[in-house]
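Below are structures written as C-alpha cells.
Each of the next two complexes has chain A plus one more chain, namely chain B in the first and chain C in the second.
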Partner chain A sequence: MRSFSLIDFVSLFAALRWTIALVVLALAFGAPLALGLALGRISRFAGLRWAMAACIQVIQSVPLLGLLFFFYFGMPVFLGIQVPALVAVTVAYTLYTAAFLGEIWRGGLEAVKQAQWEAGACLGLSAWQQFRHIIAPQALRLSLPPTVGFLVQLIKGTSLASILGFVELARAGQVVSAATFQPLLTYALVAAIYFALCLPLTLWSRSLEARLDGSR
Partner chain B sequence: MALVEIRDVHKTFGKVEVLKGVSLDVEEGEIVTIIGRSGSGKSTLLRCINALESVDSGDIRVEGQKVHAGMPDLKKFRQRVGIVFQAFNLFPHLKVERNITLAPLLTGRIDKAKARALAEDVLTRVGLADKIDAWPEQLSGGQQQRVAIARCLAMSPHLMLFDEVTSALDPELVGEVLKVMEAMAKQGMTMILVTHEMGFARNVANRIVFMHQGRVWEQGPPAKLFANPETPELASFIASAK
Partner chain C sequence: MNFLPLWRYQNQLIDGAIVTLELTVISALAGLLIGIAGAVVLKGRIVPLRFLVRFYIELFRNTPSLIQIFIVFFVLPSFGLKLPAFEAAAVALSLYFGAYSVEIIRAGLDSIPRSQVEAGQCLGLSGWQVFRHIILPPALRNAYPAVTSQFVLLLLGTSLASQVAADELFHVAGFIESRTYRSFEVYAVICAVYFAMAMSFKALFAVVGLAAFRWPRRR
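Up next, the complex of A and B:
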C-alpha cells in the first residue's frame, strides 16, 4: 500500500484520453449513421421506415454491455471473426450512438410541421433544399437538449469499455483505488473529472439553444 | 387558351370522393373566387392546381402544361404558381428578409447582391418595408400573412392561389390582407382564391365559382350570382353567409 500521490492523479487524467477517444470515435462514426437512420425513419418508403425502426429497436433493446460482449467475445464464437478490442468497442459504441441519436433526431425532424416542407416545395425548392435550409435548422434546435443529454450518457457509458481491457477513467480509478486503498478519495476524484467533462457540455448546449432560437 | 384549364377532375381521399368531375377555366388576368361550404372540395381543387395533390382522373393544365405531382419540371412550375396558405407557413427560424429571399437565391433567380433589394421591393408592395429585419413571430397574424404573400411575389409568379388566407386572422386584421390582394388584382395578377370573405368576393372577383358536393355547382359574375342565384343550394349558402 502507498499513499495517494501526484502520480495517481496524473494516471487518472492520462486515462481520460481513452474516455475522450471512445466518445470521439462513437460520434465520428455514429452521428452520420444516426442521420441516415433518422432520414430512413421519416422516408416515404414504408419498407425503409420499417427496416430502420427494426435496427433501432434491436440495438436499443440490447444493453451496451451486451453489445460490447457480442462484438469482442461473441463474434469469434458465432461468426468466426476475431477483431481487435478497439474495433469491437468502436463498432459497439457506434451502433449504440446511432440508434439513440437516430431516434432523437427523428423526433426533432418530425416535430417540424409538415406544412414547412410544403411551403418550401411550393416555392420551387428541391427536397434536399427544403431539408437543408428549412427543416434541419429547426429540427436541430429542437433536438439539441436531448442530444447533449445523450452525449453525457455516452461519456459515462464509456466506463463499460473497461471490461475489454481499456484503462479509461473509471478503470483507472479502480486501479488507483486498489493501489492506494483510498477508494473514497479516488472515486470522488473520478466523479469530479466526469462532472468537469459533462458540465461544460450542458452549459454549451444551453447557450447554443439560446443562440439558435434567435426569434425569441 | 385559358391560363388554367381544368377538365373533369376527380379526387378521392380514402373512400371519400372530394372532387367529382370539376371543370373550370381561368383566363389570364382574371380573379376567380371559389366559395362553398366546408368539405365542398374548394381547397383540394386549389392544391391540385399546384400539384400538392395529384388528381385521380381528369386533366389540369396551367399555361398549357399538364400538372401532376410527377411532372418533370415541377420545381420550375411551382416557381410560376404561388400559393398562400391559411396558416402563413413562414419559416420561423429565418428573419423576414431571408424568408423572402431564400427561394429566389436557392433557385438561382437572383444573386446575393440583389437579394435585399428584392425583399425591400416586395415588402413595399405589401406595406411592410419596415419589417424586413423582424422575426416572423414578432409580427401580427395579418403582417405574417402579408409577408407570406410577399414571399410568393418574390418569385414573380404568373398565377397566385390563395387558400382561405384570412380565415386564421382576427377580424380586425383581415382588412389589411384583403387590401394587399386587391392591389395585386388591380395590377393584373391572375388569382384564384378560396375564401369566406363574401364582401371581397363580391367587390374584387371577376367571377364567382360556387362549389357544392365536389362539383362546380354554379358560376358567374358576382353581381348576378349574389343577386339571382339559380340553385337553392347557392341561395341557402348566400343566406347563411350573410
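Up next, the complex of A and C:
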C-alpha cells in the first residue's frame, strides 16, 4: 500500500487518451455508417427501409456491455483468426454509434418537409444535389443538438471498455484505487474528469437547442 | 460453435433474468419518485433547493453509470454505509434514472400552455382540480414516450451491476462462461435474452400507450 501521489494523478490523465481514442474511433467508423442507415431508413425501397430499421432496433435493444462481449469473443469465431481486442471493441462501439446516430439523423432528415425535395426536383437538381444542397444543411441544423447529446452518451459508454481490460479512464481508476486503497479520492477524481469532459458538451447541446427553438 | 452445453443452465438464466427485472423495476420506481420530487422543486420557488436539484441532474447525467455504481459500492463503505451488491446497484441506478426523469417530467409539465391553466382557473376549478384534470393528463401523455424509452435503456443498463457482482443476468453469464468455457455462445444467448426482454417491454409500452392515451377523448 502506498499513498495517493502525483504518479497516480498522472496515470489517470494518461489513461484519458484511450477514452478519447475510443470516442474518435467510434465516430470515425460509426458516423459514415450512421449516414448510410439514415438514408436507408428514408429510402423509396420498402425492403431497404425495413432492413435498416431492423438493424437499428436489434442494436438498440441489446446492452452495450453485451455488444462488447459479443464481438470480443465473437470476432475470432466469425473470422476464424484472432484479432486484437481493439478491433473487436471498435466494431462494437461503431455499431452502437451507427444505430443511435442513424436514428437521430433519420429524425433530422424526416423533419425537413417533403416539399423541399420536390422543390429541388422542380429546379432540375438530381437526387444527390437535392440531398446535398437542400435537405442536408437543414437536417444538420436540426439534428446537431441530439448528436452532441449522443456524444456525451458515447464518452460515458467508453467506460465499459474497462471491463474488457482496456486501460482507459475507468480502468485506470480501478487500478489506482486498488493500489492506493483510496477509492473515495480516486473515483471522485475519475468522476470529475468525466464530468469536465461531458458537461461542456451537454451545455453546448442545450444552447444549440435553445437557438433552434428561437429561430423557428 | 456449440450451444448445447448451455442448455442445462437455463434455470440460472431464468433466475438471472428475474433479478434483472427486479433491479430494473425497483430502480425505475425509485427513480420516478426522485423525478417527480425533483420536478416539483424545479417548478417551486426555493432557489437553493432548485440549485441543488440542477447540480444533482448535471452530476449524474455527465458521469458514467459504471463509475456511479463503483462509488456507491466501494466508496460509501468508508462512510460506514456498506450496501450489498444488489442494493448498491439499485441505489446507483435509481439516482441515474432519477436524474433523467426529473428533466422528462419537468418537460412534460412545461408542455402545458399557461393559458390552459388559466382557463381552468376561470372555470372555478381548485388548484388540485386544475392539476388533476388539466395539467396531468396531457403532461403524462407527453412524458410517456421519453419515460418508456428511458426505462428500456435502464433495463439494458442494469447489466453494469454485474461489475459489483450483483447476481443479475450478465453476472450469470460470467458464471456459465466459467463453467462451460463457451464464451461466445454464452454472450450470444445473453444478448438474445436482453433483446427479447427489451422488445417485450417496447411492445407492452406501445399497447399500454395506445389504450391509455386515446385523444381527444370523446364522450
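Quick note on the criterion: the second predicted complex is superposed on the first by the 191 of 216 C-alpha atoms of A that agree within 3 Å, B and C clash if a C-alpha of one lies under 4 Å from a C-alpha of the other, contacts with A are read in each partner's own complex, and residues count from 1 in each chain.
Keep in mind that, in the parts below, contacts are C-beta pairs under 8 Å (C-beta built on N, C-alpha and C of every residue); 3 or more make two chains touch, one makes a residue touch a chain.
Note that this is a predicted model, so its numbers are computed, not measured.
A simple residue count on chain A separates chain B from chain C, and the partner touching more is C. Using the contact criterion defined above for the overlaid structures, shared-chain residue A:A170 touches chain C, although it does not reach chain B. Using the contact criterion defined above for the overlaid structures, shared-chain residue A:Q138 touches chain B, although it does not reach chain C.
Look at A:G80: by the touch rule set out above, it reaches neither chain B nor chain C.
Using the contact criterion defined above for the overlaid structures, shared-chain residue A:C122 touches chain B, although it does not reach chain C. Those residues of chain A that touch chain B in the shared complex are 113, 115-116, 118-126, 129, 133-134, 137-138, 141, 212, 214-216.
Across the interface of their complex, chain A is touched by residues 1, 58-59, 61-68, 70-71, 74-75, 78, 152, 156-157, 159-160, 162-163, 170, 173, 183-184, 187-188, 190-191, 194-195, 198-199, 202 of chain C. Residues 50, 52, 75-79, 82-83, 85, 87, 89-93, 102-103, 106-107, 135-138, 151-152, 155 of chain B touch chain A in their complex.
Contact residues on chain A toward chain C in their complex (touch as defined above): 57-58, 60-67, 69-70, 73-74, 76-77, 152, 156-157, 159-160, 162-163, 170, 173-174, 177, 183-184, 187-188, 190-191, 194-195, 198-199, 202.
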